[in-house]
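Please read the structure below before turning to the comments.
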Amino acid sequence: MPADTVSIMGIFSSEQRAALAIDGLRETPWIIEQVYSPIPSHAIEHALEPPKSRVGWFTLAGGIIGFFTGFFLAAFTSLRWSLIVGGKPVVALVPFFIVGFEFTILFAVLGNVLGLISQARLPRFETPAHYDERFSGDRFGVLACCSEDEQDELTRFFETNGAEIKTNDV
Amino acid sequence: MEQTLTYKSIDNTVLDTLTPPQRSYWVLVALLFAGILLGAGCWTYQILVGIGVGGQNNPVFWGTYLINFVFWVGIAHSGTLISAILHLFRAGWRNPIARAAETMTVFAVCTAGLFPFIHLGRVWMVYYMLPVPNQRTLWPNFQSPLMFDVVAISTYLTVSSLFWYTGMLPDLATIRDRSHGLRHKIFKVISLGWTGEWEIWRHYTRGYLFFAALATPLVISVHSVVSWDFALSVIPGWHTTIFAPYFVAGAIHSGLAMVLTLMIPLRIIFKYEAIITTHVLESVAKTIVFTGLIVGFAYATEIFIAWYSHNPVEVESFRWRAFGDYALEYWIMVTCNTIVPLLLLFKKVRTNIRILFVISLLVNVGMWYERFVIIVGSVAHDFLPHAWGLYAPSLVEFGIMIGAFCLFFFLFVLFVKHMPSVSMTEMKETLQEGESHAG
Amino acid sequence: MSTQPSKNQENPLPLMKIFYGLTAAGFLIFITVALVGNPARAWQAYLLNFLFFSAIAQGAVLFSALMHTVKARWSGPLTDVAESFTAFFPVSLVLFVILFLGQQHIFPWLHEDLHGKEVWLNVPFMFGRDLFGLCLLYGLGLTFLYHRLYFTLKDRGASGPFGRWLLARWDQHPPDEKRLASRMTVFGILYLLAFALVLSLVGYDLVMATDPHWYSTLFGAYTFVKAVFIGFGALIVLSSILHLSSRNGYHVEKNQFHDIGKLFFAFCLVWADFFYAQFVVIWYGNIPEETAYVIERTMAAPWNVLAWTVFIGCFIAPFLILLNRRIKTMPRAMTVICLAVMAGIWLEHYLLLGPSFHHHAQYIPLGWVEAAVAVGFFGLLAAAVTIYFKQFPELLVSRQEQLID
Amino acid sequence: MSSAWETWHERALRMNRRTFLKIASMGSVAVAAGCSAKPEDNLFTMVRATEDMVTGKEAWYASTCRECPAGCGVLAKNREGRIIKLEGNHLHPVNLGTLCIRGQAALQGLYNPDRLWMPRLKTEDGWQEIPFEKAEALIRGKARAAANRGTGRISMVTEVVGQTQLDLFAAVLQAFNGESPIVFEPLAHEALKFAHQQIFGSPALPVLQMDRADVLVGFGADFLETWLSPVEYARKFKAMHMLSNGSKGVFVQVSPFQSLTGANADRWIGCRPGTEAAVIMGLIRTVTGDENGRNVNRNLRDALAVVTETYTPEAVARMSGVSVEDQTIVGRQLLAAKQPLVLGTGAGSAGSHAVAAELAALFLNLALNPELSLFDFNNRHRVEIADRRSTVLDAFDAMDKKSVELVLLNNVNPVFSIPGGSRIAKTLSHKKRFVVAFSNFMDETAATADLIVPVQMALETWDAYESNTAALATLQPTMGKITQAPALGDLLLNLLPPDQRPAADYQSMVTRTVLTGQDSQTATTWLKTIQKGGRFGDDRATSGSPKANLRAAATLKTYLATLPEPSDEYVLMAPPSIRFFDGRGANRPWLIETPDTLTQIPWQTTALINTDSMAADGMKDGDVVTLKTQSGEIQAPVKAYAGVFPGTVVVSAGQGHSVFGRWGSGQGVNPLAILDPSVDADAGAPSFATPLASLEKSGRSVALATTSGHRLALGRKIAPTVAIDQIGHQDSHDKPGLTMDSFPLTPPLPEGYDPKRDLYPPHDHDGYRWAMIVDMDRCIGCTACVGACYAENNIGIVGEKRILEGREMAWLQIQCYQNPADMARLTFLPMMCQHCDNAPCEAVCPVYAPHHSKEGLNNQIYNRCIGTRFCGQNCPYKVRRFNWFDWERPEPLPMQLNPNVTVRSKGVMEKCSFCIQRIKDAHNVAKNENRAIRDGEVVPACAQTCPTGALTFGSLMDKTSRVSQLIKDPRAYQVLGYVNTKPAVIYLKKVTQTV
């Protein structure tokens, strides 16, 4: 962002207020840099209309890989010696399906976790300066940035929406 | 009750549970640890002398070790069930108990996971069961139900732990932000620098949903697999198609009961009344009635089909179950699992915490006996009359059983005092929904 | 199938005529075949369709009872449609009684030595208990409906003749709402229980016992899960059509479609699970008493073809398709899928019964007779449902504020 | 029974090749025996490996079993200098290659940890070990002293021994002015001998040609257990009693106690103890009656008429409790018979009653078959040399009178096995008397001796033994020395001054015996004889049967007078048992651990009481009762048993030793101790039955260590029987189907699979598909196979406690099913791993420890097993055995271990392997000769030793093999076939016939 912009954090005590503020901001040219919330709020989601997460693809991929891994592991290992047990065929599809299934779940979940941490970029080692500890408790934060001259305007906007202001000067 | 709750009050109630514990707590911990040592001692003795120090024999090759294994795996089930399935069904009463239930799951799986080892005649050779070839490229036999177990249980442990941990992330952040010194440092690390910014929530909610969606079939599959340890055999009383759903229901049954057994004291000690409302307990109780009816249905079906089959072996096997040497165990099972829970149909009973607690204990007992009746009762009296025999657990087995129970409660007690035993975030969500409905 | 509100008067009711037509046609063919042609085949087709369509009705109604019992908040208008299937209950009961006439053709064990199983497998006792069971189930279902209607009609009014009569009745001596509410819950639960028990019984008696030597403990549960599966399918189909049809105000939210879609998907999995749970056990045990039945139906020609069709149609295909989230919210797509699945289950019924009736068949003896009888039964079901909506047209009026109880 | 003969002949022929392999050579053993070493030395280092002593390869030595007087031929399997297994010698006419369980267990005498290695001298402060030289000197001194002091100051009591040894004893005793040795045998058949003496003038025990009989009626002679020559008669009995072209001989047993022998009868009829003679008299009356067309010698008829007149069926019924119908049935059978044979009582009845019965039985035989064509008077059992009990007792009593100073006891235990043995103990422990016991074990008698000198056991020494007149069997050292003990013969020779010795050493005496009468006297002849194991069937005098002396009828009359009147007092019977014989087996774990077939109870001694009378007296299994007689009392747990006549208590003899090593001492109870010590005056026959003074409940109750959970098949097709006229008829009313009753035979071969039934594809085997046929019609339940299995497969001994816990380890068990219609009708079911083609145990193992071999075997890899025990759990036959602990094997028992079989450690599952080690051997042999394994070349230990040939082993892939033939038998079925495991053990139903 250009050097002459400032980020202003509006801290709201209720989900609805935050949501309204977000709606308001989206009418204005000001950019919503970040929104903090203690809960995955539907109201905020509606307000933000964020794009759909792509975690699901990781999960799906994991699942598919898992199924075949499990199945082929079972088949391959039993073919090493091709021992007949209980008169059953050496590569017994019916029971091997169970192995395949469990691996599906396992790998899908691993894929899911991978997707989650890669998409959400976790773990993070330093918390941003403007982070307020109450965000993990009962406060909602909306961080918007504007050019310096609009600073007061934005602040006023927040205040009218019943926010307390937290600025961190660059 | 919910109206009185606010974000703050939720946080405070939960964080109050993390205050430094008194002496009594440490005494309890010490006692449980002693119990663990007892169990460990018995196991060591068994390894040195031989599995024969237990009561198993020919024909009853499997005894309390497998019974406890199935029992604990069962307990481990409703954790994920409550968390995952009810999450999908968006049942509100899930949130207050989900965390404790998941914790229970993880620790129960750990406890259960010990028993196959304890059960082995040559536990020092257990690595033969890992999917690695021996020096002559011989691998484990993936056709064996026990290998299904290995795969299923380890998957279940992994998944439920991840599910549990992921669910805890926001709360860990909350604690981080409310604490100082060492604890702050620790939670800073384990909360993975969670900041609750929307970018994270966006993926988190999605990922958590998939977690739930995957955990649900997993729960069902895992206990089906456990049931197939028996159903895939040819032994009368084991080889029956209903086992998979029947075991799953039974597992949930026992799991829910255990949830109550854990929740009711927790609720009193940690003053969770506002969060874990009677409504929540009632909902659990109702579900117990439901699962109780399912297992009852299964008992009835087994007997009926055995009679219908007119196969002399089947008929005798079930006649003996109900009226033979283990009749007492059988009727304990029937009473505790299907008759007693019916009491919960009465609101008076449901809402009386004491009675509720007692019933939850009875169901636990009943479910233990169910495993006894199934595992011991079937092989003790199978195809060839000349091979019939009886089984009674030995002191060593009891020692190990005590050790296992202590281990479970040991872990749980440690957890509740050092980690958020109720999910603050999810409580806040519930609160949100409550408001939106009100408004 | 679609139905239309009696609201817009200018519309004659061609639908009813069509349905009656279908019914008449179907049953004419059935009777002719039963009398002059091949009675065995006719009656077996009759049994098949009786089981299938009754299951649909029973399963669909279960939805309402279930949603009410678990206090689900999302089911909304779907429950109204679900309840409409109760209209088929009386019909189904009559159809069952008629079945009595065909006993010679539908109970192969009548002509076998049962080694003592006669105690359980004898026509009077069997018809007795099943009739009793169905009466109980339907009785509970209707009673539950009666209580539901009280609350629905109370705040939505009723213009249909029966609806008016009900309201009038309640106006004369208004019942105690609290008691009514609680009794509704009780009957809802009772219906669920009866559903499990009665459908298991019917499954054992009318399907499993056609091969009197085979048995599987899970078969009863399998039967009622199947019923739920197709019941929900039918529910989706009907509500989608109503939703799509411009001729009424009936409207279902996207997320409601999504949820019922998820339920349907779930039961697709449960059905498959219950199938596998039986199959793997029998496969692993390899005890002839059990295997012979399964082998004949799933591995030996000609039936194996049918088995694969069913398996792909009812599990593989729907599973892969329904993995997708958006598809569940598209009424049109869901209608197609559900119809396909129901067709599959219809075949599955046939697969279970067929081999017991036609030993060592060279080809699958599936033909126009079965189809015709099916059409007849479909006509009946459709007609019954339509009549129901004619009685309570308000149910099809769009309702913005969805009640929660 | 010509076909029977054929089978035995075939057997012999088939085995010949192998036999010669076995006895290929000896010689080196002489060397081995020659060199002496300290016992604790490892054998292998001692034995110089010579051409027949190749490490890893067994050498076989022919010898003779001396566990009982029958004297069966054995082949000792020698590996690295130690014997690991005994098998029957096929050339020996008595046992034709088979052995009983006692023979199998002989090794546990040899390697018994309680065996004495050094002489022991009794001193004030207990026993003191002394070197053999000292012991010898001591005896010589005592003998000289005694001889100088006068005649008859030395006496010797010996077991039944070969003539060579007996002559030596006589010579030595004579040299020291002693009297001729007393031959003491607890089961000396005095009554039978007396009867023969009375009627034929000589106390003979002729060999019976039972196999040629068509109707056999026994009155208690337990010829399958201890009577005369059990293995021989077991074979001959089955030869006459097995199914051959649609018919089989008839065997009826009339006795107070059924015993294993009676359990094998087509009909067992209970009678009041002691009244067997009355029943026989009744039969004589029937047979000699004019009405039937049988031509009975007139004189005989007259002679008997006077005796029999009072024995009307009703009178007999009143006395014996045998109903008139039953009497007529037996009578009819005898009259209809072409070759009838009647056997008297065995041990197990009171002296005079036995005499009466034996006399009567002989007369009945005469009446039925005047020329006694089934009695081989030219071939007589060795045991006939035993002195009668009265003689033995007199000898002991005379010791004080004649102030005998030196008593030599050769391997006898009169203190235990003679009622009132305490009296003998007193005599022996008289301080003036020096008693030397040549014994390898500290037993009740040895304990009373002043000096115990262990001597070489049968398998370690040179000797010759006349099993019967026609068979001079030889003994040779079959192994290197594990003891310094001298041969008894040598020890005695050394007592004599060198000039008076009949030979330099005992071996040369044996050589002389062996060579006498042989045309060539060369060393090769001697070697050949030794290799064959003896001189068999030389031509001997063939005089016809001796003339019957009818005056004996008078004697019979007097004895009949002693028969007991009906009374309701309990009578105690103490029959010898198949496992312990007279009690000498009671220190051998295999014998103790193997359950008694009838009660299925190992380790414990039970008092068998008729089921109904027990219920009437309100007793249940395990209640301990006190049995009192004039001579004392014992306590034993009761067991209900249908095969006992009401009013009889059966406590089988053999256990209850006060001193007999770790396993023998204090285990079980000894009924002999309280029997009436008096013997019959004229016959000198002892009593094995005594009226009880009282039978009281002690109030205590013990758990019976049974290995059988339930004795009824409950309508399950487990041990079905088929009536002889029903063979081949479809036994189940409906056509072959899927149910237990209608399920067809499914051989463990591709053709055993039916795509309509089986979810799995058939699989082929590689060259062989091993299978076993068990002919339940031939199985007599003698458990010889069980003993052989223990010996061959290194099976652990678990002990009474573990048996009670249900941890028995036997791979092969003889299960016993009762017929609900008649509880006394038993079917024996040999149950071992069925080597199923669809084995439920295999698939469930997570590590492939059990799996299917290319030859169809159900392999168990011990070192792969991790002990999940899932396989045992899922085995429908419950034949898998788990090592709950490491089982103890005190030294030197491990010397017996078969080096070809792994010794399993704790935590491992094991089970019958079809003796895979023998299959492997056969593979090697066949490979070297580059051919396929021949049918009958592989013989598992159980099948090898079975006296009746009930077990047949072979490959089903070979369509000409015997198993492939037998599987076509209409009697063939599979236990639990309907479970579709396709067992490779196929059973042939037992054939019943109504008598």
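Chains: A, B, C and D, in written order; residue numbering restarts at 1 for each.
In this text, a contact is a pair of C-beta atoms (placed from the backbone, for glycine too) under 8 Å apart; a residue touches a chain by one contact, two chains touch by 3 or more.
Please read these numbers as outputs of a predicted model, since none were measured by experiment.
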Result of counting contacting C-beta pairs for A-C and B-C, higher pair: B-C
Centre-most chain, if every chain is reduced to its averaged C-alpha atoms: B
Farthest-lying chain, centroid of Cα atoms versus that of chain A: D
Intercentroid distance (Cα basis), chain C paired with chain B, Å: 36
Between chain A and chain C, centroid-to-centroid distance (C-alpha), Å: 42
Intercentroid distance (Cα basis), chain D paired with chain A, Å: 83
Distance between the centres, which are taken as Cα means, of chain D and chain C, whole angstrom: 73
Touching two or more other chains - residue numbers and ranges from chain B: 138, 140-141, 143, 147, 217, 228, 232-234, 311
Touching two or more other chains - residues of chain A: 81, 83, 85-88, 95, 98
Overlap residues in chain D, where contacts from two or more other chains coincide: 739, 760, 838, 840, 843-845, 848, 979
In the complex with chain A, residue positions of chain D that touch it: 760-761, 763, 836-845, 848, 850-852, 982
Chain D partner contacts - residues on chain B that touch it in the complex: 49-52, 55-62, 116, 119-123, 125-126, 128-129, 138, 140-141, 143-147, 150, 229, 232-235, 311-313, 316, 379, 382-390
Interfacial residue positions of chain B with respect to chain C in the complex: 88-91, 217, 220, 224, 228, 231-234, 239-245, 293, 297-298, 301-302, 305, 308-311
Touch list for chain C against partner chain B, complex: 70, 72-74, 115-117, 120, 193, 196-197, 200, 204, 215-221, 262, 269, 273-274, 277-278, 280-282, 284-285, 287, 289
In the complex with chain B, residue positions of chain A that touch it: 15, 34-42, 44, 48, 50, 52-53, 55-56, 59, 63, 70, 73-74, 77-78, 80-81, 83, 85-86, 88, 92, 95-96, 98-99, 101-103, 105-106, 108-110, 112-113, 115-116, 119-128, 131, 133-138
